[in-house]
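Look for subunit A in each of the two complexes below; its partner is subunit B in the first and subunit C in the second.
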Partner chain A sequence: MSKLNSLAISDNGFIFKPSTGESFTTNEIGLMIINLLKEGKSADEIISVITEEFDIDAISAGRDLYEYLDFLKREKMLD
Partner chain B sequence: MNKRIYERPLLRKVVEGIPNKFGSLKRLRPISTIDNVEIDSLIEEYGSPVFVLSEKTIRDTYKNAYRAFSTRYPKVQFAWSYKTNYLDAVCRIFHQEGAWAEVVSGFEYEKAIDNNIPGNKIIFNGPDKSEEDLVKAINNKSLIHIDHFDELYMILSLMDQLKERPQVAIRVNMDTGIIPQWDRFGFNYENGEAWNAINRILSSKKMDFIGLHVHIGTYITISKPYAVAIEKLAALANKTYNRFQKSIGYIDVGGGFASQNTLQGAYMPATDTTPSFDDYAHAITTAMTAADFPNNETPMLILETGRALIDDAGWLAGTIMANKRLADGRRSMVIDAGVNLMFTSFWYDYEIYPVHESSYQSEPTTIYGPLCMNIDIVRKNIDFPMLNKGDHFVIKRVGAYTMTQWMQFITYRPNIVLIDQNEKVHLIRKQENKEVFRRQELVPDYLQN
Partner chain C sequence: MEQKKLTIGVTGLNNIDSPGPGVSVIRGIKESEIDARIIGLAYENLEPGIYMPGLVDKTYLIPFPSTGSEAFLERLEYIHSKEKLDIIIPNFDSELYLFIKFSDKLLEMGIHTFLPTMEQFEERHKDNLPEYAKKYGIKVPESRPIVNSKELSNLPKPLSYPYFIKGKFYEAFKVVNNNQGIYYFNKLSAKWGLPVVVQQAINGTEVNVIALGDGEGNTVSAVAMRKQYITDKGKAWGGITLNDERLLEITHHIIKETKWRGAMELEMIKTDEGEYYLIEINPRIPAWVFLAVGAGQNIPEMVCRLAMGEKVEPITTYKYGKMFIRYSWDLIGDIADFEKIVIFGEL
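This part shows the complex of A and B:
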């Protein structure tokens, strides 16, 4: 989780990565996922938080979560 | 408790670069109704995808076009271009509004007759007229627009067997400044072929030479070439009068008016660049009035406008089948309607909208159709909201050439419905099923078991 903690993240989803100088934007759910990851939540826990709050089934939420985690890994924000 | 609308998580890198020429992107507003009918309910009742036609738009567009021309020129006649959309219901709406029929094949000719159009209000164009077609057209006193000398001689050879005098015009091709110049249809003006054809027709004394036809091209976005064409046809009409003392009854300027669909590669959207009916009408009627026709006569002006009259009235509603990431990370979406239904998406950048608000974020997306074919691309690159599987979309302006050029490849063609002026929905072409194809196919005995 150390990599995520090194990011500067604003409340409206603007992400600055000091190590490379790159900037990113994410949406509300993306921001929620990052915050849950920083709290050390597992993928299954994150899925259940999302399905409780949003109108989505667990399979679809899981599919999107793993794709998002893949993005974060590709941008080297996550191990 | 009502749960909140879900939107897929998104991560987008902020890239510095030249600003987009149109400035910041506008959010794509959903379109959820057509003529006050819910698109969701249309899909529920008639399946997905489904073509939807608006009778109100058809009639309004026709009236607007007719007004533009008839307020500027005394004798105007529209002929509905069957090839653009030959669904009987559509043709009959145009005929009710006063349009004749313009057909280009024996099949279309039969359709026009079945739609109760009198033979003398059917214009028969095109290079493909069989002997049987021509006999029928001559007997019905239809307006035969001769395309080539072989057709002309075929008509002459039929004269001994028939009582009626053929009512003929010739199609003329010419240089109007349009590139590419369409020279595969009709007789050329500049090299004298058109004049030779007129001589042959009138010296035979067996046919009534009644008009001149030109069709300068398709999706013509400037109105001036029509004026050039009319000047040349007027010169031909004068030459004909001087030699044969025969004046022509009409000038048919064909079709070719652009619709508001944007062509791929165009710099500006067509909604900003396409001339209006008034622009076309101004150029054409000014040229008709300025042209010096023999005896100061005013020939009838015939228009065979297709695309510009029907494109806006057609919609295609369907369903998202899948979201995918391409190898380079770009987003793609698979929808249940592809180039099989919209052959036209090879050259148009169709406007596609979500039916409901489901995402406030959008991403550059490639939209693919459902065919197992690499070229089945509906939009190469569109900034599109992140819809989910099962969500509905609707594509705008698909009235022209879709329902006639569609192909039956690996799947059945869908239902087509018409929303009438009272917002009542009518099924006007049934979805195909396996029985439709079974009826057409025959299996030899030795392959039966």
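This part shows the complex of A and C:
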């Protein structure tokens, strides 16, 4: 099972990592990114969805996405 | 199990800020299908478990193990003559030696226990951990037993600050300089005796496992937990069950290799690199056992069944993300109850 799929994520943005017992909270965009990653979407596809759903341009969305991916990797939630 | 009512003696009723496991053990038994009469065995007049409503059917004071084995056995014989005990579950490290030593004698009396052998109990002592690790292929931090505070100023490499200094049975303090080391050495040796153990501090997260071995190398139960909140006494005030496969593999390995009999708690440090270091083996049920019950593995019930000679099938699953949070609660008691414990040693 991938690291992402082993996470327990609620609709409220509460993330529980069963392997370490740690928990995190995320906002609406973070939750959307995680769900899109779990669906196997590419970075470009995720940026496209974010710009459609939120009032944000592609450059800012890209910067936010890569920051978020760094966070997920740093916390060992993403392979 | 046939529905015979079992009379079960339980120690460790000191449900205080550094709690004994007795109250949680009793809660586990009461949540099981075992029809039990619970006999509390207390060392102090004010152990809260004595007074908690609905917990014990009767409590007897027993002498501290340090009083000597004769007084200890005499008291157990008296209690047994009154209560016809089927099982005793001892819950303190410091009393285990006597219960293990006299387990055959207790069995002759009709009292069952389910404890490690004396060899298993002795070889996992803190001061023997390096040899234990080598024998069973487990990683442990550098450590050294010491009997004189002068040794602290000349610890062999690679031991260095910060390290933990640990009492023979309980308590550990982090040490960052020699004066601190001497202070804690004196404190720990006065309280728990010698040796005192110096153990290299390892950076990482403390993770724990409660486990039960059947004495034939099988792990009957194992639940992994991470402390979420630790008191100033180093005790868990909150914890959460984990899905940590490597940690459980190590547990199964230790139980298989040692043919561990009875309950145990493994205390380990998981480093950021994913390595596991064993820092301590407690040869008994830990105070957080009720979390394991809540997660689906009733270890007190299984201990009772194994003690009575039943075959217990291993449980390999439990719920992850189950939490416990301790709390304190003021009980209102009556001086008449306190008087009975003080004067008669029974309530």
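Structural remarks
Throughout what follows, the second predicted complex is superposed on the first by the 78 of 79 C-alpha atoms of A that agree within 3 Å, B and C clash if a C-alpha of one lies under 4 Å from a C-alpha of the other, contacts with A are read in each partner's own complex, and residues count from 1 in each chain.
Basically, a contact is a pair of C-beta atoms (placed from the backbone, for glycine too) under 8 Å apart; a residue touches a chain by one contact, two chains touch by 3 or more.
All values derive from a computational prediction rather than experimental measurement.
In the model built by aligning both structures on subunit A, subunit B fits alongside subunit C without clashing. Judged by the touch definition given at the top, the superposed model places A:6 against subunit C, while subunit B stays out of reach.
Shared-chain residue A:55: touches subunit B; no touch with subunit C.
By the touch criterion stated above, A:30 is placed in contact with subunit B alone, subunit C being left untouched.
Of the two partner chains placed around the shared chain by superposition, subunit C is the only one that A:21 touches, whereas subunit B remains out of contact.
Residue contacts after overlaying the shared chain place A:43 against neither subunit B nor subunit C. Figure note: vertex subunit A, arms to subunit B and subunit C, all at CA centres after fitting on chain A; angle 90 degrees, rounded to a multiple of 10.
Residue contacts after overlaying the shared chain place A:67 against subunit B, while subunit C stays out of touching range. The superposed three-chain arrangement places the nearest Cα atoms of subunit B and subunit C 6 Å from each other. Shared interface residues of subunit A, touching subunit B in one complex and subunit C in the other, do not exist. Interface of subunit B with subunit A (complex): residues 3-14, 325, 329, 360-361, 388-389. If you check the complex, the residues on subunit A that touch subunit B are 22-30, 33, 50, 53-56, 60-61, 64-65, 67-68, 71-72, 74-75. Subunit C contributes residues 205, 225-226, 228, 239-244, 270, 320-321 to its touches with subunit A in the complex. The touching residues of subunit A, when paired with subunit C in their complex, are 6, 8, 16, 18-21.
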